[in-house]
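These are the structures in question, set out in turn.
In what comes next, chain A is part of two complexes: it sits with chain B in the first one and with chain C in the second one.
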Partner chain A sequence: MRRALRLHRIFISQHMKRLMEYKLDFTMGALGLFISQVIQLLFLGIIFSQIPNLKGWSFNEILFIYGFSLIPKGIDHLLFDNLWMIGYQIVNKGEFDKYLTRPINSLFYVTVENFQVDAFGELIMGIVLVAYSVVQLLSHIVWYRIFVLLLIVPFAVLIFTSLKIITASIAFWTKQSGHVIHMVYMVNDFAKYPVTIYNNVVKVIITYILPFAFTAYYPAGYFLRGQDGLFSVVGTILISVTLFGISLFVWNKGVKSYESAGS
Partner chain B sequence: MIQVENLRKEFKKAIKEPGIKGSVKSLFKPKTEIVTAVDDISFNVSKGEILGFIGPNGAGKSTVIKMLTGILTPTSGKCCINGKIPYENRKKYVKEIGVVFGQRTQLWWDLALRETYAVLKEIYEVPDKQYRERMEFLNEVLDLQSFITSPVRTLSLGQRMRADIAASMLHNPKVLFLDEPTIGLDVVVKDNIRKAIQKINAEEGTTVILTTHDLSDIELLCDRIVMIDKGNLVYDGQINNLKHKYGQMRELCFEMKNSDDLLSLDYKGHFTLDEDDLSIESDGVSATIRFNSDRASVQEVLKYTLAKIDVRDINVKDADIEEIIRRIYKEGV
Partner chain C sequence: MMKSFFRTYMPFAKAGTQQMMAYKVNFIFHLIGEIMSCFIMFFIWKAVFTSTDGKTFMGFTMNDMIVYIFISFMTGYLSYSDGAFVLGEEIRDGSVSMRLIKPCSFDMCFLFQEIGNRVISYGIIFVPIVAGVEIYRYFLMGSVQFNVGNFIMFFISLQFAYLINFYFNIIYGFLAFYLKNLWGTTLIKDVIVNFLSGATIPLAFMPFALQTFLTYLPFSSLSYTPVMIYMGMYTWDKILFSMALQIFWIFAFWGISKLIWRSAIRRICVQGG
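Our next item is the complex of A and B:
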């Protein structure tokens, strides 16, 4: 574990050096990111100011759920973004060879290689929205639940990451799975809003099949209203651990079936 | 050091009919066939040996190397290197080997070369002291000093290849897999790389598996070769034996006004040659005669030919390893 953290630090610093190597590109990227986040924030403000409440959820509560959903998503985006490349090209072009000739876990190596700085946009926005809505809802907040919520965050991240690992692994058999990852990943957009606004089909999908609802709505609902404590908290933890187990299994199976590419 | 037994690898390959129609059809009704890339290959390599691993494009060389390096899992059969099975205990195993794929660099593209070494040092957990000694040794052998601070993307192909070999040697591996380490390099750089490989092998006793299409690499570096074709092992033995076995065929090339004249000569009758001992090709202005030099000496064949035909130019070809291998690739053993 200590070795993993050490390697992680080294890879991140290498990645930062790489970003700095192209200074103009880095500056423009950071600037672009900032602008796009500001625009999104403005846009959200406009939309939400038109919706005073939604199926019993107040404006500030919706804002909290939305903001909270961005935090696990952002962390996953920051740390495990390279999985997308597995689906799009690393397997297809035989570049995965490289990861297998090193004495470290291949999944760890793949994820640690990239540090997606763009994710700070989502993270910052998520934190700002959560902080703002918490201030507005101050009188309703039960404070010990904050610790429970913080505890849940890593598990919520794991739900994102596991689903990405599973869908990316498909590439080991089909050579490419970028679009599958994309399709599954996009479902998380549903989870940014209270699940109660959807019909049963969507509800079942985002609760039991692609359990994105556990990355935002359920933990947030528990935090805001103490709603379904057992289901929301224990459910998130169980689901994420199970899903992670499955994802490791699929990944390892996939690596065994990896066929490389001609050279 | 290395034992390979009945190694076999099959790939599933989708069969597609041409055009968009075929693509759509295969989407709904996929058809696959099984392609055997490597078919029951067995060989052994002893410690400290440099083994030349050759074969034409698509013979299955890379597939074998990828199985030996733990990248691919064999369909059946076994390989065992230094007492370890690559695909079963991959993480432990790869610590003891170095791999260079000439077509693909493993260096960090955007960063200064030394950064790559610093990261590899961490990955392989090389202690500081050993790291310094290794760098000194590799620098001496591969002369990295002049470009170690340059970003990898700015290196020339020759520099990059040297850097790649150094990267694979940093953790002092017991076995070094070099997949086409001289591809695309000029004569001088090739020579340097070969010398470096020789030196590493001599000083450290590293076992080297070398695949290449440049047969001078093989002649200069290896005593023994393993040749495969279409997934099958076709030759395993000393290069000298190969020369001995196939080297008795000589080639004479004549230029003349009308080379078809040569076809009318009765070499077979004159020298009592069998069907296998002789072949003649003629393209109008030049003719090539290939014959068994055990049965008829070069001198005799020349004398006989010159007496009968007015020849403009003569070219005597020696049986070099390249010629032998070309023939084996073309015709099989």
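Our next item is the complex of A and C:
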């Protein structure tokens, strides 16, 4: 474990050096993500200029849920973005050989190899929104729940990462799975809004099948209104751990059936 | 003249179609991922309309909003163009010389390749979305809402939107090769264009002055114009005026792209090879 952490630090510092060389790249990616969030908020602002609440949720509560959803998403994006490359090209081009020949776990190596600073565009926005809405809702906040919420964040990240590992692993059998990762990943956008606005089909999908609702709405609902404490908190932890277990299983199966590119 | 034109460029269209066929599974997965955002919008608007007292939201009914969401998604998807992005890269690494020695013009090669591509994407997107929207509207309103005149004008306007986008993106492709980071800059470009074109938020929801200003920019021609025509929001006068504006922007961007191409080619210096 300690070795893994030390290696992770080395990878990040390596990446930082590369980053300093391409400052513009970093700014552009982060700025792009930031602007796209601002426009989404403008859209929410226009809606709330006409209605007092959305199915019982106030503007500030919606901002909190939206902002909180960006934090686990941003952390996963920052640390474990390289999994996309497994799906798009690493397996397909036979470059996965590299990861098998090193004396560290292949999954660990792949995930930490890249440090995607674009993610700061999402992270900063998420933190700003959460801070702003908490200040607005100050009198309703139950303070000990903040610690519960902080405890949940790593597990929420794990839900994102596990789903990416599972979908990326498909590439070991099909050579490419980038578009499957994309399809599954996009479902997370549903979790940015209260689950109560959706019909039952969507509810079941984002709760039990691709459980993105546990990365944002359920923890946020618990924090804001104390609703379904057990289901929201313990549920998030159980689901993320289970999903991570499944993802490790699928990954290991996949690595076994990996075949390098010819020649 | 016409015959030799098509004999030159039809192979590009055919190659485009074949390329698309080879990746059609990827395309469908990608599409499902992207169309998710429409369903999110659909549920948000449903919640909005149950939370308001009136039947309309800033002049739009629920029925209008559904048409807007899905038709503007489809318009965006079918008028998207990125075939010419490689051009900047080719100029940098010198492989553009291969284009210079071929007896065909650079934009027509890209155009026909994309047209070949689009034959498939029309088959996969156009029919299901239009049919879906019309069936939904029929059950919601109890009568057929489909208007043939509007639909034909929409279809023509959609092709104009594509051509504007095509030449706009050739120009962006030239620029992008100075900006290097394609992922970041393309994200910024797409987000801003989507906003200014009314694809994210209907222009009708914006303050009047801004709305008028945006109508004259090229971006509203990309998405808002065709969608409004489909929805029957425009009178015939307005339809003809906004389509004339579309034609103007096609020629403007076509001219600019030719100018940039000419000056880039004059300055280029390909080493070796």
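Going forward, the second predicted complex is superposed on the first by the 231 of 263 C-alpha atoms of A that agree within 3 Å, B and C clash if a C-alpha of one lies under 4 Å from a C-alpha of the other, contacts with A are read in each partner's own complex, and residues count from 1 in each chain.
Note that a contact is a pair of C-beta atoms (placed from the backbone, for glycine too) under 8 Å apart; a residue touches a chain by one contact, two chains touch by 3 or more.
All values derive from a computational prediction rather than experimental measurement.
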First, second, both or neither for A:Thr242, with chain B first and chain C second: neither
Chain A: partner with more touched residues, chain B or chain C: C
Partner chain(s) touched by A:Met186 [first = chain B, second = chain C, both, neither]: second
Which of chain B and chain C A:Met28 touches, first, second, both or neither: second
Contacts of A:Phe43 with chain B and chain C, given as first, second, both or neither: second
Touched partner set for A:Gln227, first chain B, second chain C, both or neither: neither
Contacts of A:Asn252 with chain B and chain C, given as first, second, both or neither: neither
Common interface positions of chain A, toward chain B and toward chain C: 22
Chain C residues touching chain A - in the complex, by the definition given at the top: 25-27, 29-30, 32-34, 36-37, 39-40, 43-44, 46-48, 50-52, 57-58, 179-181, 183-185, 187-188, 191-192, 194-195, 200-201, 205
Contact set on chain A toward chain C in their complex: 22, 24-25, 27-33, 35-36, 39-40, 42-43, 46-47, 50-55, 118, 176, 178-180, 182-187, 189-190, 192-193, 197-199, 202
Contacting residues of chain B [partner chain A, same complex]: 11, 58, 62-63, 66, 69-73, 87, 90-92, 94-95, 97, 99, 101, 103-104, 106, 108, 110-111, 115, 118-119, 122-125, 151, 179
Residue numbers on chain A that touch chain B, as the complex places them: 3, 6-7, 10-11, 14, 17-18, 21-22, 95, 97-98, 100-105, 256-260, 262-263
